[in-house]
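Common to both upcoming complexes is chain A, partnered first by chain B, then by chain C.
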Partner chain A sequence: MLLPKFKFHEPKTEQEACQILTEYGDKARPIAGGTDLVVNMKKKLMSPEHVVSLSRIASLKGLQKENGFVKIGACFTVADMIEAKDIRENVNALSAGAAALGSPLVRNLATIGGNLGSARPAADLPPPLMAYGATLILKSGKGKRNIAIDDFFKSPGTTECRPDEFIAEIQVLTPPAGAGAGYINLGARKAQDCNIVNVASFICLNKSGVIDTARVILGCVGPVHLRAPAAEKILMGEKPDKVLFRQAADAAKTDCLPITDFRGTGEYKRAMVGVLTQRTLEIALDEAKKNN
Partner chain B sequence: MSEYDVINSRAARLDAPDKVTGRAVFVDDMSMPGMLYGAMLQSPVAHAKILNVDISEALKLPGVKSVVTAKEAGLINYGVSPARYDETLFCSDRVRYVGDEIAAVAAVDLETAMEAVSLIKVTYEELPILLTVEEAMAEGAPQLHDKYPGNICAEVHQEFGDVATAFKECDIIKTTTFTNKRQDAAFIEPQGVLANYDLSGHLTLYSSTQVPHYVQRIVSMVLGLPMGKVRVVKPYVGGGFGIKAATNPMELAACLLSMKTRKPVKMNYSREQVFLFSRARHQFVHKMTTGVKKDGTIVALEHECYLDGGAYSSFGIATVYYAGSLLGGPYKLQNMKYDGYRAYTNKPACGAHRGHGGVAARACWEQQLDMIAEELNMDPLDFRLMNMMETGDVSCNDLSMSSFGMRECIEAIKEGSDWKSKKGKLPKGKGIGMACGFFVSGAGYPIYRSDTPHSTMVIKLTEDGGSAILYSGSAEIGQGSDTAFAMIAAETIGIPLENVRIESGDTDFGVDLGAYSSRQTLMTGHATKEAAEDVKQQVLDVLSKELNVAVEEMDIKQGRIIFKNETPDYSVLKTAYIKEHRGWTDQPEGAYLTFNEAARIAFLVKGPIVGTGKYSPPILGGRFKGAAVGTSPAYGCSAMIAEVSVDMDTGHVTVDKVTDAHDCGKAINRTSVEAQMQGSISMGLGEALFEEVKFDDKGHIINSDLAEYKIPTILDMPPVDAIVVETNEPNGPFGAKEVGEGGIMPVIPAILNAVYDAIGERIYELPMSSERIYMALNKKNKK
Partner chain C sequence: MKELINLTINDQAYEVAVAPNQTLVDVLRYQLELTGTKKGCELGDCGSCTVIMDGKPVNSCLVLAMQAVGKDIKTIEGLETEQGLHPVQKAFVEKQGVQCGFCTSGMILSAKSLLDKNGDPTEHEIRKALSGNLCRCTGYQKIIESVQAASKGVSK
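And now, the complex of A and B:
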């Protein structure tokens, strides 16, 4: 399969990138690692006339911990995310998501911004980022804006990001004491897989050991990654234990809309939402206890 | 300590340096001045009449040099078995699957060729499509081929002994049905070609193939060229597994385009086209009934089998025979009845794929035997041992086990896996299972009826006496055959491996049927040994005359001439050699006569020293219809134990450990033998747990890529204890026989039996995806 013809731009600054994207609008598409876009272009599912590489913009590649946030540049690679101490020590479920993504070769190229911008309902990074309540910084010629990740995804392949905008940074609030999160993906094989179901859970315990924040995120079982409100409601204000987690897991099964496709039946996916919800909550609880 | 100097070692592969540094040349690395690029138009619909093909717009596109259709190619039927030549290069009146070839274009570059393909206008009248065996065999179903009514491509009916009577003596009669799924071999290198019809009228085709000889035959037949004008050359090949064991339409199209344009033409399959061409493992539905006495004696097997063949025959006749005949062993079985049917459907044709025809059948039966052992309250390992054939046994369908180290294999895995302390003693969710299998070491008969030798070999000594060069039509496709033949030649002549070079995969070098049916080590190995003996004899004959020593009193070992009795005065020869090599740096040292010196002298006396060898199997097998399929000069056999963990909530199966033993006769290269065992386990594991080519209801493949068609990654591979069991096969060179395909036989059933041990439920359908296991567990919990 051959790539369709396109014009390739390699801006060196964010400003330059803004200019190019403003000029070409929806005829342009930003590219970072290209692990999703290039495949779709080869399959002729997308054929932008202008491909704008963000890979030479140094300011998009950073990782900082400041003001209680872990700030990750959009072009930070998934391979580097696994290695990054600031991510592992502060938002470990995100490390787990990064480690689950693709294969070493894919991870060397793929970036955090690309994994969000491509908006695949089975992607590995959105669930942990939604569990941590991350914020995306979008930039364009008109300036920058912050958007909560819960509001970012619109449908498979489409997001809140306008054609003249690009994702510049992802900010994750460092979880407080008593917080923990877990991420698990279920695929057919152990690597390089499209997930059948993936789930991330986050809980925060207050001083008396009661859950005062709970977020459960379900992947592959809706057009976008879903919050599981019924599950979260069951968790909130309760003391965590296996029985509670089982109830939350059962509720999560009602929070999703899995379809039957060649990767699995809706029935199986729904059942797995329950299993993974329970298991990620247990991981989250272990971590929360350690962080207390 | 081995009694051999070269073989039976772990010699490094000759191709390893080139492959690990990226210097190995595969067909896609090749280019020629003035080369054109080809592309093919393949049907987008699964079944239709072709009303019209209009190539006029394509021809008008600048850069297009030729467009060919059935009109240009003619309608010569070809295929694999002459009994079922049911394909033409291009479809003329009908397409039968999504991917069926209609036209091809040659242009100055690939973009132009592909654009031209998109400009060809085909008018179709769509016909009803048949996607399953049931649909194809239903009364009143549309006919895919006029010549084969009822859409039956081939059927087999065989009975050995008397099954009905035998069942009356049985205490346990067990019936199960089992199905696998259509596979793709997922070799790393998609098929590719470079065809060059030169200005003197000779055609050279460089192709990623397992069988240069068969491709040469079909190309010359379909394109109407004398065989002597067609040369097929195989560069390095990135795997084949049976799919590249026959001619593909791209090979023919590129040759035709090169003949039309008088330019070299290059073409490649994309990964999607690899799936479209298919020719990989069929989907089989097996129904087996086995009768056993209460002492554990296996008495009779009744077997019915249906194959979803796809649109054309390919290897299918052999496949449907193999599916039955390969159950004749490895157990002593006197009564066997087989009814097999291969149906045409509107899908890509299936063909030969590692373990040809026997893999799903073996899985079905070995699982059933485990069920019977359980009912008998016998250890499945002991049950198999008590029924096992031994060296010298002949099966009810006339397969002769001239060496058979199965008992040693079973003992080896039993000990290696600590079976006794695990079987029946593992916690819920953990399981252990075993299975056995065997396979041919080369098909006893060629694909077409012929007295041609199955293999020829030419070995030429270089004029300086320093090297032996092997010339062979055999096919190194990544399995290590070049290294094996070089080792056999070095051992036979008595020289170090580093002094041997091999040129192979070229029809100009001789006839070799190629790399399929696990034949080359035995068959090409024999031809190599014979040619090497010829060379050695010629050198010793000259020495004998020069030194006046009888040939029988001399030998060649490790590059030196050995005088068994008195050492003659050979100083004249040494002086002559020094004179010839004045100024060279490679003067032999040491107080002995080297092979170099002797071979140089032989050249001076005789001229070129060229040895030849050939191999034809003896007449094999019975006289019943289809008796040829399954015959072989020798059979490799293997036994395997799998240990698994099953996640009882998700159904996910992990294979934790494999203990595998294979009797390969004498191992020529031990590392290569183990590598074939490892590769078989990886391939079998994928088929057991993940792999399935899936179609939509219009006959389009929906997972024609390696992201959605899931072969195991290295992380899915368990640690493997590969135990090489050696016997001395009387019909093999140095006692060697196969390992390439036989290794896959026990893999799937061993995993099936281990999963049962873990979850207490039998699975009768592959792949054992997490969902399938989960559903089985769910059903069990509801009981």
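And now, the complex of A and C:
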């Protein structure tokens, strides 16, 4: 299986990467781990004339906890995310997302930036990152801009990232006391499959034990990952319990548009949205209680 | 346009002319004749092209050869020493973890990477570590038993 021909660039600095991407625009495509782009190029779904590797840029590989944020470089690998104490201890649902992605072999190459940039509606990292309300830092020759992850995905495979831009960093605000999040993915196998449905939930309890922030994110059941507004509305301002979570789960089923395909019927996926919403809310509540 | 690059494979330096669109597995097999690394799906699904890059097992069909410059690459050919086969290799032979052999190099490299980190893994940890390597003959049981046997040998 041959790759189409292309010119290969390996900038050593962010500045150099900006120059190359500005010069070639939509003829160029950034590559990091390659677990998505190389596959798409082999299948001839994509054939950029210029492939720009971001893997040699040291400043894109860091992980730090700073000013209440966990800041993850776009080229930080998914395997390293599972190992990272800062991620596990502060944003555990993101560790769960990382552990669910691909196989160990894929995780050793794949990066957080790549998983977002490829914008697959079944991807494992967007739901937990949306649940935590993450921000993406995009850079180009024109400077940098911050974009909320909720505004990042446009349609399958397309994002807010312009051809001359690249994802440089992902910033996740460390959740306050009383907050918790959960992530569950459902697939046909435990590794190397495409999710059938994946859900992440985040709740934050105030001092009287009432939910004052709720975010429920549904994957695989729309062209992009979806917020579940009806479910979130039911949760807000209420004290959490099983009955409330069941109501929210039922509401989440009306918040999605699953299609019937070889992975499952729309009806089945909708039912699983309910089950996973309830279960991720229970995980979130357990964690919220521990963090209080 | 081919370009001369330097690769470090099994602690040996190679200078090789590659085009940007050549993957590491193709350079290993067709230019360096290190055919122990197999090519199965070529899309990162089957794990038969597993090599260890900077201490971590990866699908070499997804790595561009040029991306491998400066990395420490280990293939199945690099496991045997003057003392003979690597303990994981020995265990696969003794416990009949090899049937047709096509997945074996990948299985052994994934298992070796696991045992380097965790000398006494549980069965679940072994199955998880090998979950990116597909076998179409043994049904996995003999492979798991081989890794368990090796872990006992390695931790001694």
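Here, the second predicted complex is superposed on the first by the 292 of 292 C-alpha atoms of A that agree within 3 Å, B and C clash if a C-alpha of one lies under 4 Å from a C-alpha of the other, contacts with A are read in each partner's own complex, and residues count from 1 in each chain.
We take it that a contact is a pair of C-beta atoms (placed from the backbone, for glycine too) under 8 Å apart; a residue touches a chain by one contact, two chains touch by 3 or more.
Fair warning: this is a prediction, and the values are worked out from it, not measured in the lab.
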(request) In the overlay, answer first, second, both or neither for which of chain B and chain C A:79 touches. (result) second
(request) Mind telling me which of the two, chain B or chain C, contacts the most residues of chain A? (result) C
(request) Once the structures are superposed on A, label A:190 by its partner contacts, choosing first (chain B), second (chain C), both or neither. (result) both
(message) With both complexes overlaid on chain A, does A:8 touch chain B (first), chain C (second), both or neither?
(response) second
(message) Quick check on the superposed pair: does A:275 touch chain B, chain C, both, or neither? Answer first, second, both or neither.
(response) first
(message) Looking at A:53 after the superposition, I want to know if it touches chain B, chain C, both of them or none. Which is it: first, second, both, neither?
(response) second
(request) For A:265, select first, second, both or neither according to whether it touches chain B, chain C, the two together, or no partner. (result) first
(request) Please indicate which partner A:38 is in contact with in the superposed arrangement: first for chain B, second for chain C, both, or neither. (result) second
(message) Between chain B and chain C, whom does A:103 touch in the aligned arrangement: first, second, both, or neither?
(response) both
(message) Under the contact rule defined above, give the chain A residues that sit at the interface with chain B and also at the interface with chain C.
(response) 1-2, 103, 190-192
(message) With touch defined as at the start, can you tell me which chain C residues reach chain A in the complex?
(response) 19-23, 42-45, 47, 50, 53, 56-59, 61-64, 66-67, 110, 128-129, 131-134
(message) Looking at the complex, which residues from chain A come into contact with chain C?
(response) 1-8, 10, 31, 33-35, 38-39, 42-43, 51, 53, 55, 79, 102-106, 108-109, 190-192
(request) Flag every residue of chain A that touches chain B in the complex, lowest number first. (result) 1-2, 103, 186, 188-194, 196, 262, 264-265, 268, 271-272, 275
(message) Touching residues of chain B toward chain A in the complex: what are they?
(response) 110-111, 114, 270, 272, 649-650, 652, 689-690, 694, 702-703, 707-708, 710, 712-713, 715-716, 769-771, 774-775
